[in-house]
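Data first, discussion second: the structure below is written as structure tokens.
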Amino acid sequence: MIVVMQQGASEEQVRRVAERLERAGFGIHISRGVERTLIGAVGDKRLTATLAVEAMEGVDRVVPILQPFKQVSREFKPEPSVVRVRGVPVGGEEVVVIAGPCSVESREQILATARAVKAAGARLLRGGAFKPRTSPYSFQGLELEGLKLLAEAREETGLPVVTEVTDPRLVDVVARHADVLQIGARNMQNYQLLREVGQASRPVLLKRGMASTVEEWLMAAEYIVAAGNRQLILCERGIRTFEPATRFTLDLGAVAVARHLSHLPILVDPSHAAGKWRWVGALARAGLAVGADGLIVEVHPRPEEALSDGPQSLNLERFGQLMAELSALARAMGRTLGPAAEAPGAGAGAAVAQGGSLGRPAASAG
Amino acid sequence: MIVVMQQGASEEQVRRVAERLERAGFGIHISRGVERTLIGAVGDKRLTATLAVEAMEGVDRVVPILQPFKQVSREFKPEPSVVRVRGVPVGGEEVVVIAGPCSVESREQILATARAVKAAGARLLRGGAFKPRTSPYSFQGLELEGLKLLAEAREETGLPVVTEVTDPRLVDVVARHADVLQIGARNMQNYQLLREVGQASRPVLLKRGMASTVEEWLMAAEYIVAAGNRQLILCERGIRTFEPATRFTLDLGAVAVARHLSHLPILVDPSHAAGKWRWVGALARAGLAVGADGLIVEVHPRPEEALSDGPQSLNLERFGQLMAELSALARAMGRTLGPAAEAPGAGAGAAVAQGGSLGRPAASAG
Amino acid sequence: MIVVMQQGASEEQVRRVAERLERAGFGIHISRGVERTLIGAVGDKRLTATLAVEAMEGVDRVVPILQPFKQVSREFKPEPSVVRVRGVPVGGEEVVVIAGPCSVESREQILATARAVKAAGARLLRGGAFKPRTSPYSFQGLELEGLKLLAEAREETGLPVVTEVTDPRLVDVVARHADVLQIGARNMQNYQLLREVGQASRPVLLKRGMASTVEEWLMAAEYIVAAGNRQLILCERGIRTFEPATRFTLDLGAVAVARHLSHLPILVDPSHAAGKWRWVGALARAGLAVGADGLIVEVHPRPEEALSDGPQSLNLERFGQLMAELSALARAMGRTLGPAAEAPGAGAGAAVAQGGSLGRPAASAG
Amino acid sequence: MIVVMQQGASEEQVRRVAERLERAGFGIHISRGVERTLIGAVGDKRLTATLAVEAMEGVDRVVPILQPFKQVSREFKPEPSVVRVRGVPVGGEEVVVIAGPCSVESREQILATARAVKAAGARLLRGGAFKPRTSPYSFQGLELEGLKLLAEAREETGLPVVTEVTDPRLVDVVARHADVLQIGARNMQNYQLLREVGQASRPVLLKRGMASTVEEWLMAAEYIVAAGNRQLILCERGIRTFEPATRFTLDLGAVAVARHLSHLPILVDPSHAAGKWRWVGALARAGLAVGADGLIVEVHPRPEEALSDGPQSLNLERFGQLMAELSALARAMGRTLGPAAEAPGAGAGAAVAQGGSLGRPAASAG
């Protein structure tokens, strides 16, 4: 880090800062400019956070140089990570689509959806059993019953199941029924929960908080990895901005940045960002084109009767159309969509894909 | 709510929406304009959230008319609520200052701080025992030991204690040692935690999430009240915006709005918004002037050695100066600061205070 | 619009609001719910803005129902508009790439760039002559000399020229040399300038302001059309959010929304959003996939020597690679990139394109 | 500035960056850490903006150390500036209130308002003649006729006049009639306009853009000062955030920061931030308490009939009440409100004011 002293800071103030940094184990270098004195400090970046140098007299501000995350970074592990969910690789050449309803509402609903999204090429099934809802008076999910229905849908269709866990006390029971533990945007900095899923034996899907920077997102990921769980998938789902036309603003630049900084697979959720089914397809295509490893899309057999997020859910027909579009786009990018056998990888994309497919993580990314 | 149909929506589509609303128990009124047909629906506002009318064919959008919160609203209870914390009234004529370190670090540190802030006029002591930190490698708090030290500081000084709870499993133990359960900004929509503190027998201090609207903040409050706990205090602590100069952007307009919409007491936290001690005083004064019922301020005997939030902590001397400034401001607004005996309420404020003090909640607020 | 009265508003207050609306020419309908009285008002939406009904006693708020823009809306003109720039159609089946340096710096620089981007498939040349710069001490552009160099580059390459105009006094001279008048993000609500370009005989490229909603963007477009110029192209270039990793947050959801609401062609500028060349390609692909009619990309022969925006400029080699990627993506979406003869439109995209290409404006968009 | 090289950057890349910086006149220092090489560059900060070092191979990013503004900074001029408007000092001990309607609408309206706000203690009169409006169909102001009416109101009441100028072609005519040239938020980065008012002989009131950082605001101020006009007043009026309850989010932290960084006087506009008259008073008090040198408040004799901004305008009675509140607050802070003779400066504030009044700029601000 670089400590920038105030204009006119005294020699004594500079000396005190330098001493404090040295005592903490940093190597230091003092640089005296015409207007400012700078103190460069080299050492373990994890120490930085615990030093309140900015509170010392004569200090203007502290400029961090190194990234605060470590194990999730590409500097730590240059080659891309692939997370396998019951045999489905997330983060490889295949683009993986996760689809299903916002909430599990009934046996019929989840089974019908599971069959349809599988037929259209989805590789995992999503569905909420414990729902975080803005209003205490809204439907809160089927809870344990919902988990059982998801497991039943997996038995029938073979699709591994992704579901959200919102309470550290529930990590065990959710992990018994589901294949991927989802941490929702509102819980991205629920550190108790991150530590619990960090000790679970299931892959984790970590959504970006709606007001979290890419750096904070990767720090949340670092919590999970530091607790022992390396099976981690990131997911961008839109951030909060001043624009009211969409529910959130999908930040695809953040996907490009996270790809550059981290080796973890990254998905895009176009449904929550759009807030309306009408714009889900366009954002799904954009997410795939920016280089995401997959998408998580809300699908409901009858969106107008959904108990949650109906307005942003695709019906089965629209989901099928979207999958056809995405399949062509994936091929154009040198990737595949859906089980390998169904995507011969021919056509326009072949030429482009020479030397590596677009958007996929590569160790040599510039 | 008002359902706005798309331009060119068919009669059949209008009929289906109307039928669906009637089946759900709403009274409806259809209004056909030149360009648009509107369907007004009158009924229990809590039903609205569970109806996916926006997903129906021909619907452009749904405009809610009623506020989605109920028990925390002024329409439910026009007169302001006063929450008593071991005899200290929050939400009354007195402006209450809560002060103390970000984290409890040692017996000496918390006792020295408690004595000093009491002497300066603070009425409650704050201090973190379980710390949510952005980095897994940062100091995470003294945990149970921290709670015991807070209780000891209360025994000695008589100051009731405010501390954060971050895990539903810890609500009981925190409630045994502390007098106010704080829900931090990152947990404002941690609904499992809200339900737990909603069943506790201690007052709750609910900070606004850094990306939460006033409406969502009041909905989070509604969760706690709906679970049974009416002893609730709101706290604005800054929101996330594009401006990097301060840590967060203190949203004092939200304090004015929340005051208008809700009967709950509201505090302001100038420390987390400022991010630097240099701007804490100015924001504290502004928070008091906008009409907050109190402030929560980070104070540390030696900020440059603090294990967390040192840069934004006032040292004891600066805190004392701030309290003198605030005391004069409070009097000018017809309120008092600190224990009643110390604030005779004379001076400049007396003239202004005729007909009610400034910024205090009044049943007749326009 | 709907006027929502306060709870407890008097009959007299309701009557006064109703009378005022009637006097202004609105048809009204009063609806008395249990909790609130609503007054619906039907009439010329352009009247709404001039009525301060929200300032009347007893009024809680006013909810607009109709969009405030008119001539730029799809309700006014359902079929998509195509703007022809010296024969190049913007808004049709072809995806149009505009490329060139941030600033015109020298004869050699602009000619070399023009030749290279043309060879790679760009259809228009961009280059700044009058530069709005954050610092008064930065390079401010070659001004008139820059315009002449752009015209020279057009003579040699045949590429029509896009350049920014920042001052109403300069509209005439810029229009004499350039083919498209660009209004930059900082001037989106410079209404004097909008009126001037609204009277010019050149097409206008209107960038979205960095803090402007889609509605405000379309209102700015309405200014230009209302002044008489229907040759208008929109361009999304990123908005300001809390995320510091990219220069701006590219809001592709806004592209989908603007496409739904307006018949105007829409471009995406990935360069200013990214802020670094490293992420320009990913955002360009995403912009194309979301359905934009084209892209505007900063290209410089030697970015490290650029006098402005060097960090986000692609060099000639990287731009060539990007065009190959985009060409494959365009085909997959049933569109073409570059002059028609070069893009046979066969391959993977053909199947998808049945019934219309992806993302292109269609009169029947749902 | 500090150039942070990528991990693994080659010696050759480091050498090239160093050479380029030296050629540009910077003194450089290379620091090789375990993970990163840093290149510190010391020299004229105004050079920095023109160097595209971030585009060079092997460079990760560039960290600026010095502020990019110069003449408006406290480092350039430590003591606070006082701008005199026809004898009224802005930036001194007195808190100055500017009041008046959004738009000049008629002779009767502006004269009645001018008389009333003067009687209540306002020191300057505001009123718009050329109005920037979101919709081309809204009232655009009385233009030249409005300027003449403002001048007439000044003749009668003696109140100097503040009015907005939106077009570089109109600076001369506005300067002939008005005493302060206001640059609105939408024009904060209209550099052509900034240069024109920078050459005018009237004081300028520069509002912060709704998406501008404090640094950009001060850079816009630097444009005006660099063009020759040192009579400059800053004004915070709210920024754009995700919160819809108020029209904008008043950023009082930015006032504290700008005060720390710059010697220029700073006002607060509570009216545009609030968007509703109901919250103007609370934000006005907060603005005064944070340390602003004054306020600019929208006042209208009959807000419900205003042609613009009626909902956020105070009527004459409410403005009078607000001035009484503000007067008491000002005294408590050791300042005065209104002409000196009316504010003896006694009372509660006297004790606090020892050693300087609160919030006023002082050369020794920490």
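Observations on the structure shown:
So that you can tell them apart, the chains are marked A, B, C and D in the order they are listed, and the count of residues begins at 1 in each.
Following the convention adopted for this analysis, contacts are C-beta pairs under 8 Å (C-beta built on N, C-alpha and C of every residue); 3 or more make two chains touch, one makes a residue touch a chain.
Everything quoted here is computed from the prediction, not taken from an experiment.
By number of C-beta pairs in contact, B-D leads over the other of B-D and B-C. Of all chains, the one whose CA centroid is most distant from that of chain C is B. Rounded to whole angstrom, the centroid-to-centroid distance between chain B and chain D, based on C-alpha atoms, equals 30 Å.
The centroid of the Cα atoms in chain B and the matching centroid in chain C are 40 Å apart.
Residue positions 211, 239-242, 244 of chain A are each in touch with at least two other chains.
Of all the residues in chain C, the ones that touch chain B in their complex are 2, 4, 7, 29, 31, 33-36, 38, 40, 42, 63, 65-66, 75, 240-242, 244. Put simply, chain C touches chain D in their complex at residues 20, 46, 49-50, 52-57, 68, 132-139, 166-169, 186-187, 189-192, 209-211, 216, 219, 222-223, 226-227, 239-240, 276-277, 303-311, 313.
Those residues of chain B lying in contact with chain D across their complex are 211, 213-215, 238-239, 241-246, 249-257, 259-260, 273-274, 278-279, 282-283, 285-291, 324-325, 328-329, 331-333, 346-349, 351-352, 358-359, 366.
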